[in-house]
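These are the structures, in structure tokens.
Paired with chain B in one complex and with chain C in the other, chain A is shared by the two complexes that follow.
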Partner chain A sequence: MQGMMISRAKELLQDGTVNRVLGWQAGEFVYDITPAVFESAEELDAGFVYNAFCGSNLSKYLIKETIKEGKILVFLKPCDTYSFNQLLTEHRIDRDKIYVIGIPCQGKTSGEMLKAKGISGITGIKEDGDNVIVETIYGNETFARADVLEERCRTCKSKKHVVYDELMGEEGEVLDSGRFDMVAKLEAMTPDERFAFWRSQLSKCIRCNACRNVCPACSCEKCVFDNPNSGISQKAAADSFEENMFHIIRAFHVAGRCTDCGECSRVCPQNIPLHLLNRKFIKDINELYGEYQAGEEAGSRAPLVNYTTGDVEPSIVYHREGK
Partner chain B sequence: MQRIGVFVCWCGSNIAATVDVQAVSDALAKEPGVVYSTNYQYMCSEAGQNMIKNAIKEYNLTGVVVCSCSPRMHEATFRKTVAAAGLNPYMLEVANIREQCSWIHKDKEAGTEKAIVLGRTAIAKVQLNAPLQAGESPVVKRALVIGGGIAGIQTALDIAEAGFDVDIVEKNPTIGGKMTQIDKTFPTLDCAACILTPKMVDCAQNEKIHIYSYSEVESVKGFVGNFTVSIKKKARYVDENKCTGCGECTTKCPMKNVPNEFNLGMDNRRAIYIPFAQAVPKVATIDPNYCNMLKNGKCGLCAKVCGAGAIDYKQQDQIVEEKYGAIVVATGYNPIKLDKFDEFGYSLSKDVITSLEFERLTNAAGPTSGTLLRPSDGKHPHTIVFVQCVGSRDTSGCGKPYCSKICCMYTAKHAMLTREKYPDTDVYVFYIDVRSPGKNYDEFYRRAVEQYGVHYIKGMVGKVAPRADGKIMVQASDLLADEQLHIEADLVVLAAAIEPDKSARPLATMLTASMDTNDFFTEAHAKLRPVESPTAGIFLSGACQGPKDIPDTVSQASAAAAKVIGLLVKDKLTTNPCVAQSNEMMCNGCSSCERVCPYGAITYVDKEFRMPDRTTRVRRVASVNPAVCQGCGACTVACPSGAMDLKGFSNSQIMAEVDAICQMK
Partner chain C sequence: MPNEVKAFKPKIVAFCCNWCSYAGADLAGTNRLTYPADVKIIRVPCSCRVNPMFILRAFQRGADGVILCGCHPGDCHYTSGNYYARRRMTLLFSMLDYLGIEKERTRVEWVSAAEGAKFAATMNDFVATVTALGENKRLEDLRCKE
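Right, the complex of A and B next:
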């Protein structure tokens, strides 16, 4: 796949369709893949990478890239295309300046999962059918892909691209992978149990802001947490509950706009399952206003910024017994 | 730092009885920024207002907090007061320590503590207040009346009389409403049609009035002085402009067994029909549920007989958009369904009827041509039992908790007229109380008892059971004689409670007008603003606001018209300066605010911005039209970046209020 992608990118650079390519390159470690912009065939040959570690969602980077001159090529996995559409809906990216190639995705491998299985000294990764072969300085290890997937890939919502200019490989389907099961478990808890669960998770937060920085829905010109006039800007925590509020406020800010790409949990250095907060919102929206998938269709009117006379009455919280 | 004056009102004993006003003014005097704090018996009185004016001058106040009743009541009063003393009127904040404190608390200590918190909250807000200037918006000189019963007709006629255009939207094929179905009207016993139909004709002939019959309001946008309303003209499959109302089609239509709603299903009409002879507009309507041509494409007889060529089977619903300065709700009432009252046997016998059905049975245009006959066998009834309060004053949950107000009088009318026309008939009326407070009302009721010999019995009917021989057994208790009664009746008439029309609730949602738990529209003030809704520009006429008889309805209809005229004569309205504004530096251009704005006040512009690195960048940013914005604040909560803020209710002001409430003592 990587070879196909590089050669197609070279063609598009060559014929002038685009002047830049947004893709991935290896970071300090091979499993530490990072988004990168390539401007020539030479740069592509030298650095462009696409493998089972390429989890990061490139959509958000287009906000800054489409301000620049010229058209850019971007490779989007199915789940990234939802973020792309949502950014289009919010007028954050300029569609005319982007050439989208949809690429298939079998689910990405989690470095954390490999670590948990005792793997270290990783030098490369290969995909072979339903297996991944991890190359390490101690030799190769083969795993069933399903055993080492990122959490979000285990509950993948869609293998179908909702937007593209051209597609590489075969198109997939929208999946039903029980992504709300864990939310349902949390809902079944007593309020005290649920509070204890979230306290134990959110108190791990070190306010590194990685979740916010990577989130495609968090693309404000000026984030309220960076705005001294907002009254809730980033500062030394005044009490032990402040990180909880940060995540709750952030979940409210992206409610109805979050496509459930799962980047927040992937980048969290403390392994806080942040995506569960967003999924709770998505589940509630689905139940209260009918099924809605943010980013499925560019320009769609999200239930929270739409009003119909058939909408649920405000007493819903009472009828749902506080859930 | 502001120099704030605090004025705590006793409201006589309304506040002072449950709040220690002296303690409140003492405590608030210690708040930062407060340079003067006092309390007085009636702040809204001239003496109270003068205290405020004098203090503003003497202490050089820059902000004023009045702790009193709800701002709905006196915010305007106190804004004028501070303006008279030279302050910007928006430098005033009202802390509601009456409705939200003294009235709902019994414990004086707790009430005092809460009043102090509410006062402190207002002080925290006024610290961040900034002077605001009101603008102006134009008034569309046209009114909409929703509902074409006697209420809507009277309101429309009065508005038109003052020289303004007015449209009536009526969901039925004709205007006239319930009054068209009534036979005689109490207390003078004029024939309802004789006094109503001339008014219907006046409406039709008045150049200023346009009637949208067989139409419904589809959506309402805008605000006082400037509403945009979509009206759905339902397809009646007859060209209104061509139909002459000759009625030929209604005699030739082969579908003869359509229940006639005008006679409450007691006889039949055709699939193409004119509701009654004096209908306005007198235009035929095809009922698509019964017309063979519309259902199966077979027939077409009406088109063949129509000399005017008015029949149009392909007619579609049509949406008309119109602008109005004011909207009057006159959606009226309906008798309740009686399926929850099986003890009265309404569903068991044709000879147990409602009072409205009784009206049709005694009306010359009714199914029996005005002769009182039993629906079951067409015989004269010799014993009639009237049951009052069926579903009214009912706290069991089956009926309505309120008094339907009109039943005592119409039942007296029915009883009296029966005895007058058929003196050989025994008439019983079972009542809980007879309520006849109105001009000549009690005299009317007494005439029924004293002159016409109607048997008024205090007590409720327990059971109504039809017998195989056609008689109806009525079992009841006479509370005054303390005995059980068993009456063999030929006809039982139930005075069913009345309820607001079902169309009222969705309409209230469209108008953002509030309703009470019984779905009656709420007035702006129960005593002092009875014909206005709390939503500016929305007025109330007739039974949509509460049960009313015809004299009350007509009075209120004219009162609503007077209020509408008072609005429409103005060329411009002062707008609320508390409008949204977007901080362009923070705006993402995401369109969330534009989508939630109910007034269409937000547009987007591409604007050039200088960036920190001295480059120029074009960004899409929100722009609010302050003349259209109504300050509802929906955009401020939809905005993900906090770029949208509401003047006078800014996010920082609201956070300051919350902080003040949460502050430890």
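Right, the complex of A and C next:
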């Protein structure tokens, strides 16, 4: 796949369709792949990487890239295309300056999961059917892909690209992967249990802002949390209240716009399951205001900037089942 | 010296829409209807002016309960503000409940300018509910405590 992608990117650079390529390159560690822009065939040969560690969602990087001159080629996995559509809806990116190649994804491997399985000294990774072969300085190890998937990939919502100019490989389907199971489990707990669960999770937060910075929906130029008057700008949370507030408000600001790409949980250095907050909003919106998948269709109206006269009253929260 | 147990008096913040509930509160006053003095009213131009952050800030600064009063759906001075507020507050309250924060501490009521009696009754009921719940512990900010 990597070879195919490089040769196609070279062709498009050669014939002048695009003048740069947004893809991935190896970061500090082999399992730590970072997004990168390539401007020539030589750069592509030297640095372009696509493997089972390429989890990052490239859509957000297009906000900065489409301001620049010329057309850019971007490789998008199915879940990234949802974010792409959402950014189009919000007029954050310029469709005319982007050439999208959809690439298939079988789910990405989590470096954390491998570490938890005692793997160290990783030098590379290969995909082989339903297995991944991890190359380490101590030799190769083979895992079933399903055992070492990123959390968000275990409950993948879709293998279908919702937008592309060109597709590599086979088109997938929208999946029913039970992604709300954990939310439902939390909902079924007592308030005390839920409170204990979320305190144990949110108290780990170091306010590194990685979740905010990586989130394709958090694309404001000036974030509310950068406001010096907010009292909590650019500093570690000093109180349990601040931990709660940051995460409630962040989840609320992306409610109805979050495509559930799961980047927030993937980048969290403290492994807080932040996607559970976003999924709660998605689940509520689906249940109360009708099924809505942000990013499925460019130009669709987000539920929080819409209403019907017959909406449920907020008092429904007191009466819902299992609460 | 006998240990004196102070009766718990909740602090309630009521965000009231300028065009209806705020006038409703006024009417309750002119009609000599009583409601607890623990309710602190904050006037807002419309119920949809209330940002979710306002609600959280109120709890941070020591509120034990927060209530939002706006025009009845369909009667918004700005045509549709309360419809947006309704969706936002439903989702916010549901999220607070999801985090294990007592859901009875937050409420939305639609009170028109003519409903002084409803305003007083709502506040009496809400203060009683919050008094029964006790102090807000789960969404408190210790630095803001006296």
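Rule of thumb we're sticking to: the second predicted complex is superposed on the first by the 304 of 323 C-alpha atoms of A that agree within 3 Å, B and C clash if a C-alpha of one lies under 4 Å from a C-alpha of the other, contacts with A are read in each partner's own complex, and residues count from 1 in each chain.
By our rule, a contact is a pair of C-beta atoms (placed from the backbone, for glycine too) under 8 Å apart; a residue touches a chain by one contact, two chains touch by 3 or more.
Keep in mind it's a predicted model, so treat the numbers as computed, not measured.
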item: Which of chain B and chain C A:Y289 touches, first, second, both or neither; value: second
item: Contacts of A:R194 with chain B and chain C, given as first, second, both or neither; value: second
item: Partner chain in contact with A:V224 - chain B first, chain C second, else both or neither; value: both
item: Touched partner set for A:L186, first chain B, second chain C, both or neither; value: second
item: First, second, both or neither for A:E90, with chain B first and chain C second; value: first
item: Which partner, chain B or chain C, touches more chain A residues; value: C
item: First (chain B), second (chain C), both or neither touched by A:R257; value: first
item: First (chain B), second (chain C), both or neither touched by A:F281; value: second
item: Touched partner set for A:N244, first chain B, second chain C, both or neither; value: second
item: First, second, both or neither for A:Y307, with chain B first and chain C second; value: both
item: On chain A, the residue positions that both chain B and chain C contact, one per complex; value: 224, 304-307, 309
item: Contact footprint of chain B on chain A as seen in their complex; value: 67, 89-92, 217, 219-224, 227, 229-231, 253-254, 257, 301, 304-307, 309
item: Partner chain A, residues of chain B touching it in the complex; value: 506, 509-510, 585-592, 595-596, 598, 604, 617, 619-620, 638, 640-643, 651-652, 655
item: Chain A to chain C touching residues, read off their complex; value: 186-187, 191-199, 224, 238-239, 241-242, 244-245, 248-249, 251-252, 255, 277, 280-281, 284-285, 288-289, 303-309, 311-318, 320, 323
item: Footprint of chain A on chain C - complex, ascending; value: 52-53, 56, 59-60, 73-74, 80, 83-84, 86-104, 107-108, 138-143
